[in-house]
Amino acid sequence: MSILTLLIICPLLTSVLLLLPKSDKGTKSIALIGSIIQIALTGYITFLYQAIRSAGDKSQMLFESNIVWFSTLHINFHTGVDGISLVMMLLTGFVVLAGVLVSWNIKNQVKEFFFFIMLLSTGAFGFFMSLDLFMLFFFLEIAVVPKYMLIGIWGSGKKENNAMKLALMLMAGSAMVFLGIVGIYFASGYFGPHNTWDILELSKIHLPAEIQRVIYVLTFVGFGVFTAMFPFHTWAPDGHSSAPTAASMFLAGISMKLGGYGCLRVATYLMPTAAKELSWIFIILASIAIVYGAFATLMQKDLKYMNAYSSVSHCGFVVLGIAMLTKTAFAGAVMQMVSHGLMTALFFAAIGMIYDRTHTRMSDQLGGMLKQLPFIGTAFIIAGLCSLGLPGFSGFVSEMTIFTGSWEKAGLFYRVATILACASIVITAVYILRAVGKAIWGTVTNKTYLMLTDATWSERAATILLVVGIVIIGVAPFLFIRLIEPDVQYIINRIIL
Amino acid sequence: MEQVPLAHMLILSTILFFIGIYGFFTRRNMITMLMSTELILNSVNINFVAFNRYLYPHQLEGIFFTLFIIAVAASEVSLAVAIIINIYRKFKTIDIEETDTMKY
Amino acid sequence: MNSDIYILLILLLPLLSFLFIGLSGRKLSTGMAVSVGCLTLITTLIFSIAVAFDYFFVKGSVGGVYAPQIVARFEWLRFSPGMSIDLGLIVDPISVMMLLVITCISTMVNIFSIGYMKGEERLKSYYAYLSLFTFSMLGLVLSINIFQMYIFWELVGISSFLLIGFFFNKPSAIAAAKKAFIVTRFADFGFLIGILILGTGAKTFDFLTLIDRLTHPGVALDSLTGSGFLGMSCLTWALILVFMGGAGKSAMFPLHIWLPDAMEGPTPVSALIHAATMVVAGVFLVARLFPIYSISAPEVLQGIAYIGSFTALFSALIACAQTDIKKVLAYSTISQIGFMMFALGVAGWGEGHDEGFTASMFHLFTHAFFKALLFLCAGSVIHAVHSNEMKDMGGLRKSMPITHITFLLACLAIAGIPPFSGFFSKEAILSAAAHGNPPVFYVGLFTSALTSFYMFRLYFSIFWSKPVDAHAHNHEKGQWAMNIPLILLAIGAVLAGLIPFGKYVSATGKAIELPIHVMFSVLPVCLGLGGILVAAFMYKKQNEIPQKVTKLLGNFYEAAYKKFFIDEIYLFLTHKVIFNLIGRPAAWFDRNVVDGMIQRTGSTSVNTSNAIKNLQSGKLQGYTMYFLGGVIVLVVLILIKFL
Amino acid sequence: MMINESLLLLRYEGIIVFMIFVLFVLNLTDFDKKPSRFLNVVNAMLFINFIAGFLPMPEGSAFQGFFRSSGIIALEKNVLNLGILLISLSGYNWVAKSRKAVEYYILLLSSLLGLFVMLSSGHILVLYLGLELSSLPMAALAALNTNSQKSSEAGVKYILSSAFSTGVTLFGISLLYGAVGDLSFQSISQHLQPNALSLMACIFMLSGFAFKVSVVPFHFWTADVYEGAPTSVSNFYAVISKGAGIFVLMTVLYSLFKNITEIWLYTISILAALSMTIGNLFALRQNNFKRFLAFSSIAQVGFVLVGITSASKVGIDSVIYFVIIYLLSNVVLFSVIEAISDKTGKEKISDLKGLYKTNPLFSIVMTIALFSLAGVPPTAGFFGKFFLLTSGMGAGSYILIGITAINLVLSLYNYLRIVKAFFIDKEEAEMPLVKGNWQTSLVLLACGCGILVLTFAGGLYHFIDTLNF
């Protein structure tokens, strides 16, 4: 029972507690307190982690605790963190708190809303800290259905259809993951000491290549669905577009990262041989996703659709970094996950705030927002600049790391993929600036916008929180790299030999 | 006197079985369908008896089984008839084609 | 050692003032913001003068060479051992020179803006942006690491974007800002790839190491020159791509289109960013990597020379036909940068060949003064007339004397009339070209004649052409904030040329002599005077000659007036090709094919379930038939499979 | 073997028989004229019966191996006891109204008795008797509501088709007899040869059990009977008889057909794939909730068959574990729909739209149950399904696994459709707040807690694993 377990218990407890109070205010405040405790915990854990590492503890995972769960099937409740999962948890903490703050003035069915939010965060935390494939899958699945409810109940537009599409596609993805991990389980029995779900034990077993191939593709594609990998990305635009603000922040900020983390931790780390053989498939898919997503974004009038498609393009970077199989690219992928999580959450938050006030997301119906809503407009611009990779924000460092990492791979194929990826920074600039020019700059078209009020305290708090995260990574990436470098080394070592 | 070979018995029972099945499929009157099931059961009985007599004469398992089948069949029929009467009350017919209010 | 602290402060003060003004929000009063902005810059100016003095005279040259010094360095982002983005400060002749230019011009502009932007709302953010720009430009020139340079490169771009779009309720301003950023971004894409090739080839991003490894034969150089693509070695590609980045920022043909539109921004901004500092970043970049270019890839350098000279001529031609005074100045800027570029291009490595390098830097230096001055004058004119069009102007020489005089001085400088600054730098360039690359020399010669023509066309049509209305009140009363910078810059524009530039700045760091051969310089000067005379003849008084000339030139004039239709070509490329041929199909494909597939799977299953609903017919006999059928099928299957 | 020990082996059956006798006696008196009193007594008896099930139980066989008992079998019987208790509690209102309480319980218990006999049968004859003893009362139960057309139709459909399937099964048994010559389990499991005759016999026999657990293509009666029969009877069909059927099927396959494992694996794989797919596809378009549950149960059986294909101890554990969870979830659904239709006569899914607004508690419990059936964490159903499929994949073919994966998605869609109706859709007709009696609430509470608690019950699974088959 380590401190990590608290991170599962805390959101779970919150989600139960917030059902008790009668008033919405109470519910909200409990949710807020809960999420603050979460982020404090993650911060504290990070602090401890740093301390222990600097004390010279070289073990791969810290705060390990291994509780037998279903002994017959060798299922353990095995938790532990390394740098990668740690930064992911930090991301989760940030986004959860921001999401709670942003949805502060939600009106109907408050209890349920925050209940599902907390359930999601439970899933995310559990996922990132689990070292047991079964556990991993369990928490992955936990994170699926609440999204359906969030979109279906509080969403807008064609919410039923979109929510259903999202749930089913993610379910299909997790079904593939399921097949993959069960395959690993049995294979470990044949080729290892005994059947096991334990990632650390599995990382010592080397499965024969033909088995690895199957499992690698299954798991990578399965998790790829979560991270909106082309051509399994269509849930993302629709889901985001009809989701309530907080849910969009979650979807893009955390849920897509579950996929990326899985691709790295399960598919690539456990199936090194197959990864070396087959990663070219996903390099192709990723490059397609990056460019094609960017071009598809060009055409979007709806800001949420725009950001959703740009997320497809940006998560392409994650997949690219993972599929490139160089240490730098891995580091870049992890960075990009965190950075994109914060950035896109900020983006959706800003869009949501604008939508709450103007009740439209069409960039051509908006305009002059910077004049009317200076704070929100600025937030939007910052998010935009981060997403077009402006130095000083997190987007730049992560993208550059990925580019450099993938350029380290010699060979025309990799070069072309990298160049395509780099080309997307131009297109990104185009659509971001168009959106800014249309929606944020310009003159107020609609007279009713003239009496709009700027962000409330909670919205300000959420925005500032996210911006701080973005800027910290953007200005001091060395902290980040220092955190994840040794763990990336573990993964790359296994790939190399 | 030489006895009838086992094959004939089996052929008979099989024919009986399929006659029963044919009747069950084609008759629209529920009572007749019940009778067809009786045919099926009888073919089974013939099987049992024949096997017992020809192959395993030293014990009477098949015979006993037959007895049980007959007894159970009787109870089954009685219950079925009771239900069919109830059907007649409700539908004013015992035509199996009519009793398809629940479908799809 | 104290000058290091100064340099650090020079870099940090603008950043601090940006953060201060930017984050302080409503509470901060406008006046406070303005004074903060200006004071910081004045301090930085003083510091940078101190630094320059310290570098050139206190430390002085070691064995006749001004060696570069790394003042500070720390590892900001490590990719892999050896390959990392280090942030640091380098002090060498060109960076110090740029320090002076940037701080000086930007101080002037800040002061000028007090008057020019008076009464604008959001003045605070204006000053914040200015400080941001200054910070990033300084960072750019002080970079020790090519990736660091790229970082500040981007920051410069974004601050220029923000400043061009400052009047964001003008659609044209928004369009211009977007255009500027996107075009330069496109160029940066090349720059980035170039960086990646160079960096991974040389296993470092650090300028000095990079230059060292790529100029001396070794593993890095061989790996880059050995492997090739499309018949050119990787090194060549890399340098071309890097130059592409520079060309984007420095508005070389065909990436020049954004600069004229950038004039939508406030005029002081144009003076600072789009005349003096940012647009010469490309030149600076090439100069920074000059050893690599000149030693390892002279062919690229030659290409640069041609592009530069062509750009110079081309935009000079356009400048002759423009009627918007800022547009004229913009094109003249492009043309002057062309001069700098081809000056670099014609230069080579080693004794006697690197004259062009110094000349280019020299011209960069002088040009900063007089072009900034020209813009600021134009600014005050526009401030007075509230229009950019020549036809709305004329005969302003009485109503705004200071502007008039300073403008005249600046025009003489740019026209290369001795003893004004422009003369010296341009002479140096032309002589370098004459030695290095005769065809380029002739183009340069002709272009300089054109330059003096269109500049004086501008001058006359602003200050003469119309009769002066006697009772025109003086526009400049109480505009001290606008006048002082003009005067100071004018002094610079006049005297900057007298600096023995070659003594301090040169490719190798050794002092070289920039010779002024009287015989050689006769021709250009005469051409310049000729241009002035023609302009005076055509535009001093209102008359029919210009119309006649335009008729004479006919279509050519039209083409020049329409900027040779480059914008239209770009418009076609972007909107027709990118949007209609790629973007729209991509979006359509995504909605209908990819997503369509997903949707279709759903509908298919529903249809199937409707299709098979008749199995559940409600007829008992049907059920039992399926029962028996199932049994029989199973039996058959089993018997076939296992017997 | 001492006679009393063999009687001890018969304990479960003994208690049931005793209860039936008690009911007869009560029927002679007019004790059942006051339904509430009567029902409380019966429920108390059932509860005692359930508790008594946990008394320590000897293992072994009696009557020359005609009757056997083991830890697993005892556990299965306990599960069924629990199920019968829950069902009887949740059916309280309906039974009290219909003036057939005694008949209802006698039939229910005798059918249960039949199931018990099946479970612990050691000889085909006993198996057959148990089968009949369980299915005849079920037909009567289906037709119990004599003044409803649908009920009697359900009855006749069940009785006739079960008669047919019995005929086919018996034919198979007779052939098996011909092939083996001795119908006791161990002799069959020893002497069964994979020749044409015995294979045919096995398939015929299998079809009978497949009919009982309603595996495609032997499932057609299911939906109609579930719809027509009184809800608590459908509940019995769906939970008890199906659960027991699965247990028996497992016994038959694992012990009887040991010798021809790869053959029945093949067969069962085909049936599993068919059941999952057809069940889900039909469930896709159902609007009557009971029909929907029928098809969903068919699909669930398909998943169970996948688990059975593991042909290992783990498979047995997983199947039993799953059946427990399946029982809890289905009981919840049936009892809620019973309570609702009992009050408002509404059984359509479209009637349940906006149920969360009107009856929040019902809809929440039902949602938990539905998610449990769909195998969505954090409900126990996730674990049940995960273990089933995991054990199934140990031996299962890749095609089967692929089909399973597809069906996971399909089934999620089906269940989400209902949840959507509860939470998202706007209600069409106003649904009053249905106040379930305390029995129903108790059932819902118990099942809901069970579904959530079993999430962490690693112990239970381990306990099942320790029992021997």
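Letters are used for the chains, namely A, B, C and D, taken in the order the chains are written, and counting of residues starts over at 1 for each.
Convention: a contact is a pair of C-beta atoms (placed from the backbone, for glycine too) under 8 Å apart; a residue touches a chain by one contact, two chains touch by 3 or more.
Just so we're clear, the structure is a prediction, and the values are computed from it rather than from any experiment.
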item	value
Chain whose average C-alpha position is farthest from subunit A's own	B
Between subunit C and subunit D, centroid-to-centroid distance (C-alpha), Å	78
Rounded Å distance between subunit A and subunit D, as computed from the means of their C-alpha atoms	42
Where subunit A and subunit B are represented by their mean Cα positions, the distance between them in whole Å	65
Distance from subunit C to subunit A - Cα centre to Cα centre, in angstrom	37
Residue list for subunit C, restricted to those that touch at least two other chains	613, 616, 618, 620, 624, 628
Residues within subunit A bordering two or more other chains	168
Contacts with two or more other chains, residues of subunit D listed in rising order	156-157, 160, 164, 168, 223-224, 285
Chain pairs that touch, as defined at the top of this document	A-C, A-D, B-C, B-D, C-D
Subunit B - residues contacting subunit D, complex	13, 17, 20, 24, 30, 33-34, 37, 40-41, 43-44, 47-48, 51-52, 55-56, 61-62, 64-65, 68-69, 72, 75-76, 79-80, 82-84, 86-87, 89-91, 96, 99, 101-104
Of subunit B, residues touching subunit C in the complex	21, 24-26, 96-97, 99-104
Contacting residues of subunit A [partner subunit C, same complex]	165, 168-169, 230-231, 233-235, 237-238, 292, 295-296, 298-300, 309, 327-328, 331, 368, 370-371, 385, 388-392, 396-397, 400-401, 403-405, 407-408, 418-419, 422-423, 425-426, 429-430, 433-434, 437, 441-443, 477-478, 481
Interfacial residue positions of subunit C with respect to subunit A in the complex	75-80, 83, 85, 147, 150-152, 154-155, 158, 161, 165, 168-169, 171, 174-175, 177-178, 181-182, 185-186, 188-189, 192-193, 196-197, 199-200, 578-579, 582-584, 586-587, 590, 594-595, 597-599, 602
List of subunit C residues in touch with subunit D within their complex	605-606, 608-610, 612-613, 615-616, 618, 620, 622-624, 626-631, 634-635, 637-639, 641-643
